[in-house]
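The following pair of complexes shares a single chain, subunit A, combined with subunit B in the former and subunit C in the latter.
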Partner chain A sequence: MISSPSPSSTPRSDGCTLAGALSVASAVADGVTVVHGPAGCSHHHVSLLLTALLDRPGARLPVLLSDDLGEEEVIFGGEDALAVALDEAVERSPGSIAVISTCVAEAIGDDCAAVAARVGPVPVVVVPAGGFLGGGFHDGERAALEAYADLSVCLPVPDADGGPVVALVGEKNLEYEADSHADELGRLLDRLDIGIGLRFVREAPTASFGLLPRADLLVLREPGLAPVADRFPVRPLTPRIPGFPIGLSATLEFLRSAGRALGIDATAACEAEAAHQDAVLARFGGLSGARISLPSAVPWAAEVATALGMVVHPAGVPVPVPEPAPVGTAGIARILSRWGRRL
Partner chain B sequence: MGAAALNPRCHAGPLVPCAMVGAVAALSAYEGLGVAVHGSSGCWFYPSSLLRVDLGCTDLSSVDAMLGSEERARATVESLLGRHQSVALVNTCVPAIAGEDLAGALSDLPVTVVDAPGFAGSAWTGHARAIAALHPVVDPGARTIGIDGLSPLDPFARGNLFEIERLLRLAGATPGARFAGGTLASLAHAPPVSVVANPAYAAGAGERAGDLLGLEAVLATFERLAAGGGGIDAAPVAAECAAAEERCARACDKFLRRHDPPRAALFGEGGYIGAAAGLLDRYLGAECVLGYRDVPPPGPWMAAPADDLDRVGDLLDRAEPDLVLGSSFEQRLRPGAAFVPLSAPIRGRWWLGAVPFAGIEGVLVTVEAVLNACAGAP
Partner chain C sequence: MKQIALYGKGGIGKSTTSANLSAALAERGRSVLQVGCDPKHDSTRMLMHGEPLPTVLDQVRERGAPNVALADVIGTGYAGVRCVEAGGPEPGIGCAGRGIIATFQLLEQRGALEADVIVYDVLGDVVCGGFAMPMREGYAEEVYLVTSGELMSLYAANNIAKAIARLAERPRCRCRLAGVILNAKGMEREEELVRAFADAIGARLIAAIPRDRTVQIAELHRRTVVEDAPDSAQAAVYRRLADDVLANTDLAIPRPLTQDDLESLAIEYTAF
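Let's turn to the complex of A and B:
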């Protein structure tokens, strides 16, 4: 992992813009993704997805087409190759098509949007993700989310159950625990008698994105997505929760925030969740008094240690503090299991 | 997956790494040679995670792409020269399009610039370009035998190397330069003749006596080496081949007393799948359908291109195999079949030892893996 220092504009371990865009587009349940670039660029992601999906038996392998730009296209232009790949994508009758450019496509100056505009009845989003010319992984991820948000206003509003629409925004689709986190949020929201109306865009069909403009609450995966949500075509002053809840008190605050946003009294829900947290902590009562060491500036971990009566000391046993951090009370329970094994 | 693509150039889930990755892999096999990717951290990330080697990167930004990258390239090379005798800098797509003359700009440093952008082709192309860029020189007087067709991208490369070295010594020969692997100095005196482990990666200098895939090929290749003189004796290898043949035949006969011949689908590089199909046909009478990543396999096999997920899916749907030899992709698409790893990537299992596919041990290990997989399959 040794290499020259990175210029400040290039995140060193961030990965490629293309990978970020693909992590979003490939999560759309009925989507087909066309990568406008060399086949190798797509292979890298296919390989990465395979690794991620090995832990999810039966999970769908996303359809990811490459127009396989070669030396000829680099010289003469690759728009014809993209048009052929789009025909191929339409043949598969997807809910939507994502066209994602690569640094090769950007360097030779192909106009992906113009080619995509010629596609017929299938909704198409174009995500400019010119490899390192376009930033890093997170830039690609955010560009793709914005592209699907722009698409959402062109889609009919699906039938909803009449209750408030809570939208999860920007789940980390390559994260091992992504679905567990969503399950935990679903459990918490259930305490308020509401459900998750939209997962934007994880494993959701394109038609469901039509719910985004009428969302009543946006729950962002992480605060860094705020600039993306600022550009969403939602109603003015649509409330949002800036990130998935990390830690014991943050989980209770999540319930209070959701209740406030939706005009629901969350008192009973918070009391029930606090009792649940006490029961979870009681299961790990044996850890009380244990000396552990934690990285600095991880308040949720320090909060858990304090709640359990553990002693945080630099000479203590180092315990795992994962990044991204565990979500909700369920996440705390899982991390305590890991701490217990370490101790 | 759906039907195979309308356009043969349009890939649905491409399964082969790009030329840059092939070049980086080949170069990283040489001792004393530092390797850096001349491109973005995104291009660096994949070969770095795949190969787990000390791989540098010039970390190009969009500014470098526009204003020139010589300074960053020089800094990266100089940093690697602190740990390596010389450096290979592998060009990626955007700097290749920009067309900077890095070789000229860095001519005062011990650096080899390898032009292997992703759009130039697949990993095998990059591998061949990397070997060529190192300029191996054949020494007609060299009394060693080269070993060609080795790449760290091949999960059997280490096992093949050890097995081929063993067989060469068994025949009284001395193993020589490797393509790829060993020391850079060995390339200055490359042997005039080499044997091939994996034909997909055969890119070395000099003549090729043949590959070592299957017992017949092993025997034929060693007989050709022996005919070239140099004190090489094929007889000990022939004796071992005969013993291996008997062991395979006996084990497979026993298997067939309780099981039907498998219906097999094989996926990977043409040379490997052809050889593996030969084993399945010879010892088990298996029906075989072959999907090749690079070139069609030699032999009378029913074979089709299988370089993307759609093509693999179509072949699997048609063949309905109860035995799959291939990569984790095929395993994923046909979870109910018995599975034997034959091509990269191999994921979801530990793969630490040096497992050969070439040579006599390669035959024994493969037949053993097939029998165990079939006997244990649901």
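Let's turn to the complex of A and C:
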């Protein structure tokens, strides 16, 4: 039990499984999500999503439907209610439909997959999200990613530009800086003269998921997604980068890894990026010599401090070290701005 | 008002025992309500002379709970016994336990749970919290375990004893074990075994109902034994059970057996 909740002591991965699944499903650009459960489950999570979207003016509002299970559906089974909601979803002509079950639906054993199998011709993915079974937010997120990965093999391969397909996997859709992180990866990959072929799954249309099986490189948002990627229907030995780059040297290593994976010489790209990092650090040269304190075991922060000539000492000024950590050189620049304001 | 519940393994004869008990209680001039708490809804069939009774949950499904009237779900059977069947979802779908809870709430809201004696006939084992509802929420204050001498039947009875013991720890729970009823299969030393089981869990063997052909014949006539063969020895057994239930004030918190102890007990009384 957490006796004094605070942002740092609140578990970040043990939230509702449904919320995790919704964070993925609602990011399918042409998708409709049906929550198979009481209306309150949907309302709570719609509120959460809308709050997250407030920071993105003009952002698309996801389409979420609830089949509004009540006591009668619990007693007699909720499959008929789900079928009705799916009919309504189909009428909206989505690219795909996600059915996400809730605790109560899992407890009474509704067969969502059987109901979904009767829907046509819109592709339907079913994501079990009964949190009482022991899962949390990340489990829902990963179950949804796996469901869309399974769907990807049923989709035609979209036309690509002929270059290698780099797929970003498992972006944290509720993260404030999610798009900034993707922009940064796009900037880095551009140094190798390649682009991001697929964002799996963030504001991507269903048809684009057909690229996943032919991806040339998977860039996972974080190493914890490895078991999910293991199950992806990609070609054997498809290279992957285990996480978005965090820190100065990790960003250069990201370029080297991507180059190796795609058979591209990354020397020039790394040199250009290293020069860019030097320029960024120079902008914050005024921080040199400042005494700061850092939480232990945050190597990227210690690396930045060393590079800037800062003094890390337990009695120094505590500086923010956000979690999730900032991505790439741009992320380091943003965090240095925050350190500068603190100092 | 006396509220009793008969629990036991599926197929052990709870409904037959309940219906004959209700009939015998009604013959004693008591107003009786029998509530069948089994999705297969055949608890009151003999009392209703085979006339199918619309179940509470069927009515809820067809009309919606607010539109269900007591007259839609309560039938009057032999000797004026009022009969209700909870019913349940189709096999393999939904949650029958929640259906039991919804049924009780509806009956209580409509003021139906009034009688000198209410007899709850509850599905086999305590398979989930919903089927423990009659015990948990104070509807069934006196629980009778119906069992034969077969190990699986004793196992189910012991499980229910566990549920009672657990529920009895709750401050507001008035549910107690009122006794064990042997519905015999005709096994050797069966009554000795069930009496020993009752002793071991801290209860009393309140009746030993022999296996008798009059039961099957009465069922074919769609009547209780008490009505169909009123002068039979079997009817006398049910009437004696009714008298004992009315007089019984010996309520206990059971001491359920471990699996090993239960099996040892069964072995002790089984002829190999």
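Assume the second predicted complex is superposed on the first by the 329 of 343 C-alpha atoms of A that agree within 3 Å, B and C clash if a C-alpha of one lies under 4 Å from a C-alpha of the other, contacts with A are read in each partner's own complex, and residues count from 1 in each chain.
In this text, a contact is a pair of C-beta atoms (placed from the backbone, for glycine too) under 8 Å apart; a residue touches a chain by one contact, two chains touch by 3 or more.
Note that the coordinates shown come from a computational prediction; the quantities given were computed from them, not determined experimentally.
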{"item": "First (subunit B), second (subunit C), both or neither touched by A:Glu79", "value": "second"}
{"item": "Which superposed partner A:Glu71 touches (first subunit B, second subunit C, both, neither)", "value": "both"}
{"item": "Contacts of A:His43 with subunit B and subunit C, given as first, second, both or neither", "value": "first"}
{"item": "Touched partner set for A:Ala107, first subunit B, second subunit C, both or neither", "value": "both"}
{"item": "Partner chain in contact with A:Leu22 - subunit B first, subunit C second, else both or neither", "value": "neither"}
{"item": "Partner chain in contact with A:Val127 - subunit B first, subunit C second, else both or neither", "value": "neither"}
{"item": "Touching partner for A:Val304 - first (subunit B), second (subunit C), both, neither", "value": "neither"}
{"item": "Partner chain(s) touched by A:Arg92 [first = subunit B, second = subunit C, both, neither]", "value": "first"}
{"item": "Which superposed partner A:Ala290 touches (first subunit B, second subunit C, both, neither)", "value": "neither"}
{"item": "Larger contact residue set on subunit A - subunit B or subunit C", "value": "B"}
{"item": "On subunit A, the residue positions that both subunit B and subunit C contact, one per complex", "value": "71, 73-74, 107-108"}
{"item": "In the complex with subunit C, residue positions of subunit A that touch it", "value": "71-79, 107-110"}
{"item": "Residues of subunit A defined as touching subunit B within the complex", "value": "1-7, 9-19, 37-44, 46-48, 50-51, 53-54, 57, 61, 63-71, 73-74, 81, 84-85, 87-88, 91-92, 102-104, 107-108, 131-134, 136-137"}
{"item": "Contact set on subunit C toward subunit A in their complex", "value": "57, 60-61, 64-65, 88-90, 93-96, 98-99, 102"}
{"item": "Contact footprint of subunit A on subunit B as seen in their complex", "value": "1-3, 5-7, 9-21, 36, 39-46, 48, 54-65, 72, 75-76, 79, 83, 93-94, 97-98, 117-122, 309, 328-329, 332-333, 335, 345, 347-348"}
